[in-house]
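For reference, the structure is listed below as structure tokens.
As written, the chain order gives the labels A, B, C and D, with residue 1 at the start of each chain.
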Amino acid sequence: MKIGICGATGYSGRELIRILLHHPKVQIAFLTSEQYANQSIADVYPELRSKISVLCQPVDQLPPKGTLDFVFLALPHTVSMKVAKVFLAQGTRVIDLSGDYRLSASLYETWYQHPHEDVENLSKAVYGLSEIFRDKIKKATFVSNPGCYPTAASLGLVPALKGGFIDPQGIVIDAKSGVSGAGRGLSLGTHFVEVYENMKAYKIAVHQHTPEIEQVLKNFTSANIHVTFVPHLIPLEKGILSTMYAFLAKKVKTENLVEAYQKFYQNEPFIRVLPLGNYPQTKNVYGSNFCDIGLQVDERTNRVIVISVIDNMVKGASGQAVQNMNLMCGLAETMGLL
Amino acid sequence: MKIGICGATGYSGRELIRILLHHPKVQIAFLTSEQYANQSIADVYPELRSKISVLCQPVDQLPPKGTLDFVFLALPHTVSMKVAKVFLAQGTRVIDLSGDYRLSASLYETWYQHPHEDVENLSKAVYGLSEIFRDKIKKATFVSNPGCYPTAASLGLVPALKGGFIDPQGIVIDAKSGVSGAGRGLSLGTHFVEVYENMKAYKIAVHQHTPEIEQVLKNFTSANIHVTFVPHLIPLEKGILSTMYAFLAKKVKTENLVEAYQKFYQNEPFIRVLPLGNYPQTKNVYGSNFCDIGLQVDERTNRVIVISVIDNMVKGASGQAVQNMNLMCGLAETMGLL
Amino acid sequence: MKIGICGATGYSGRELIRILLHHPKVQIAFLTSEQYANQSIADVYPELRSKISVLCQPVDQLPPKGTLDFVFLALPHTVSMKVAKVFLAQGTRVIDLSGDYRLSASLYETWYQHPHEDVENLSKAVYGLSEIFRDKIKKATFVSNPGCYPTAASLGLVPALKGGFIDPQGIVIDAKSGVSGAGRGLSLGTHFVEVYENMKAYKIAVHQHTPEIEQVLKNFTSANIHVTFVPHLIPLEKGILSTMYAFLAKKVKTENLVEAYQKFYQNEPFIRVLPLGNYPQTKNVYGSNFCDIGLQVDERTNRVIVISVIDNMVKGASGQAVQNMNLMCGLAETMGLL
Amino acid sequence: MKIGICGATGYSGRELIRILLHHPKVQIAFLTSEQYANQSIADVYPELRSKISVLCQPVDQLPPKGTLDFVFLALPHTVSMKVAKVFLAQGTRVIDLSGDYRLSASLYETWYQHPHEDVENLSKAVYGLSEIFRDKIKKATFVSNPGCYPTAASLGLVPALKGGFIDPQGIVIDAKSGVSGAGRGLSLGTHFVEVYENMKAYKIAVHQHTPEIEQVLKNFTSANIHVTFVPHLIPLEKGILSTMYAFLAKKVKTENLVEAYQKFYQNEPFIRVLPLGNYPQTKNVYGSNFCDIGLQVDERTNRVIVISVIDNMVKGASGQAVQNMNLMCGLAETMGLL
């Protein structure tokens, strides 16, 4: 299967290459890069020397119909929707890793502060949270890959919400992310000296992943759900830890909740619900497509605390994209990912 | 003023020395260390070479009455209460940095899982959250210095609670701390390779600082307050960032809340309430006794988010201890700290 | 092929497991751990949950002859030679990752300050620097895997020495290593707060890898070679960067040296000699079995500077061990490693 | 004393402000910043809130003669020489922290690849390595502050060279620096994700500090000295560790060398020669103006290894600049620095 990656030199693109080089059914046939056009990907990322030597093309020179079997878009939002429509018009299957096709046009406009320019394909995009929307993804030709925070938060909250364990109102999501989530672009906010030995919250209550999380959760409650979401920047490279607080809707012990989660995810190859008294650490999912989940009821405050961790570049981006490609193409879901 | 530090070779002890070396009214006359008894403090911490060369004494050889004017105890909890009573019996003024004198005997027993062995002095200890209990501290001869997490959380929540802006029920405190808070003792949990490129929550809903926070807050509400408190370990050396979530008790805009906080803390030399749209970072308080506070109302969820940062070793431990010493001794509150 | 790992819960053991889980010809059948005896390896390293669940055995309960086809010893030095002889007596093939079988008995005694207790097998051990001693390794049943520093240094110096480009006298090796090289044992020297934002040299001119490097180099010169070797501890997890300084033995330009190195290593799958003007970074070999080498002639001082980087846990330990296993077993040398 | 800082918002400028805020004889009266013109310095560096609120001026609006008593230039090289001449023409005393006035015009042109534009003042500049050129600095009105690497290297080598202990030929300087040395400008080379968990050498044998080091050393030998100098980028914020290798010119034991160094520096408040068997760590000089030096003779290779550490922003830049200001102004040399 010949695949292409648009935006190959950003961190999601790099991670896609890393993963796909080990995928037995895939040949990386086409790469684009605005900044490194006409350079070999191995010159941009010297770790790839002797492994791959594809030239990066400018994004305005897309290959003709039939050249590629599958395309990943690892482009900035607003750019992605310009490119997606070209490939979709060709009939090429596409997974878009940007935020462009995750929200309704009106929510997009509100939270991304930019009009949506491809409403037609927006209605066709299937939201690619693999474990939750597997059946739709299998039939899809166009998948919108979830954001990193929504992946960690949704996988942590859906079993509790669907099981009626928690009140859909009053949920707090306090998320902590490594710096790769901010991308490879240059800004003072990613300068080593500014990030190292530092922590901060950012986009407090206005992050564009907020409505994306709510949209997933709405599938499992009739309530008009609103979450309080605060992301934080932490001085490490990869990893998201999401700590979620919800009021219990019924009396339940931690062990019952652990059991319910383990049952919910019992056939999932990439979800590990930790045993009672065990809690996740980002290091345990570093470089992998796993999501680890830990649970604790706080009886004093009638709350449940759910903690989920992912590698933001893998399950939070490129790994889940490959998982979705596998689903869309009828391959084993874990191919290239374990 | 001749001062002593018991437990001088732990991180709080080291920080006390660093600060007191610049304090114009203090002479460091006595140090103890269990592990480094009979060694010079400058051999234990070579950064101190040429600055101080006091020998560390074993903790069971305390100096006779009258030798010291003031003593700081930077000892592990349960050890501190053995030593405090000796100095207090001498009439020496004491600040205890451990958790031994912060809670009632019954709460102590529940949360520290150890009986209290000095109930007599416990009743005399004044809780040393300088900005909140200044008047009592000024008259005290024995101060129990607050925990790092309670300092950050309380300073962030008191103005909102006292001002009636927030509902005392349903408060969530999601705190992130650097590794120095775990002390200098050896454990896998502080091994570089285990901490670096990693994050985790720990002591979820069972951390012994929980009742300490509640005890402070109870001064400002008639409600039987219970907070949900989850601390996290973050790969940096120093700094606590505490993100706090509370339901609004009345309709208020972020700018009004900022004003209220600025008014509340207007004369405080160590509290900086940040202007509207500004949020704190731990780096801005690194090595200093400041607590920076940022505020944001989330109208979608009727919540306020308060973010406070401190250096856990300074305002969260040794800096606040020196601030309290200044208060107790009638010195300028900021002496040696700006 | 059923393999065993003695010392499975140290960092080299963990890395062996990580690699061998992807090796198509290997089944991990036996693990030992002194500290975690009778616990599942997945409880010690939760990243392994759902991947492997072998119980760790105490090291004094080795399996009978015929149980295992191949054994890796990832034990501390002095312990390894006690275990190696048992397996070798069984006729089981062994790779020892400790320093126990790398030096002559007399050099061992001098540099490790401990008598050698298995001189018999010492004489049978083949030194496993794969690229340099491949032919001997292929025929070996017992391989002593090189140290991390000697691997990086030797791969960087051998081509220059063998090609007669450099003076064998006066070589300086300034090596920088991440903290995983210090192992998982607890000591103040690996406490996060002591290592972070810090650098130091250690074992200056007395490190036990010094004679190991000299022993390799002596194969390529008639001179009685002595190198000056200074290792440094750097605040990162994995990676060695070795900067080597040698006097030129003949006038040569950087480009000629690059060519000579590229020719020397032209068929090597794991050595990447970087093009003129390119220099290695540890990040480019992170998690891989590659050794990247960069070269620069300093005409002003008639010196060549060779820089080599490896992942100390992979090419510097467990990856090279698997490479050697492949060679010993007639498998493709890169199996499980690319 | 009213002082000005041109280039106040770079890291050297920030460090000057941090130090001078504690200097009893100085008032910070004037700041410039190209990028943050007309903003308060406390908005650029929020750690300075409530401490200082001077507006940054554009660098082309310098104050008239007589406004300032003393000026620090913390500007990029080539910019500095444009500004220095204005202040010098006014008769204002100046310390330049850039590389513009450290080398002869011809060396400058070779190593900085830019013609020198202020040869007149170049001849008047006194090189500000405080301990070595104190007498000249005391009389100077214009001081060129040393580079960070030359400070660490020179302080480590001068006693050995002056004492005739080492051969001036064949010196190797392997230096490791934290990232703040690269400045606050944006580049991929200082992006957190590119630097973290990474090490590299850079400007190998072509770094512009090479001739600066040689120029200092030439004061203490009649030989035409050439050093091999390789700097490395290490993932920490502040600190330089310089490991230096030289051939012994006479038989000497480590302890004799330690004694000789201790004697050489016996009256120096900022130099700490460590006792036999002790070696420096950057953490011990973090935030301070100290230079710590450790020594080891390697008898096997007839070499001495000198290790020196400094905080690159303090003794390597702004701290030494203040030390020089104190000398130039007849103040106590340590004022504001201990």
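Methods note: a residue touches a chain if its C-beta (ideal position, glycine included) is under 8 Å from a C-beta of that chain, and two chains touch if they have at least 3 such contacts.
The structure presented is a predicted model; accordingly, all values stated were derived computationally and were not measured.
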item: Each chain counted as touching subunit C and subunit D at once; value: A, B
item: Shared interface numbering between subunit D and subunit A [over half = same, under half = different]; value: same
item: Between subunit B and subunit A, distance of the C-alpha-averaged centres to the nearest whole Å; value: 38
item: For subunit B paired with subunit C, centre-to-centre distance based on mean C-alpha positions, whole Å; value: 46
item: Between subunit B and subunit D, centroid-to-centroid distance (C-alpha), Å; value: 37
item: Set of subunit A residues in contact with two or more other chains; value: 196-197, 235-237, 281, 283, 286
item: Residue ranges of subunit A in contact with subunit D within the complex; value: 11, 179-180, 184, 186-188, 190-193, 195-197, 235-237
item: Subunit B residues touching subunit D - in the complex, by the definition given at the top; value: 45-47, 49-51, 197, 269, 272, 274, 278, 281, 283-288, 292, 338
item: Of all residues in subunit A, those that touch subunit B in their complex; value: 170, 172, 174, 176, 178, 194, 196-202, 204-205, 226-228, 230, 232, 234-239, 241, 243, 245, 247, 279-283, 286, 294, 296, 298, 300-301, 303, 305, 307, 309
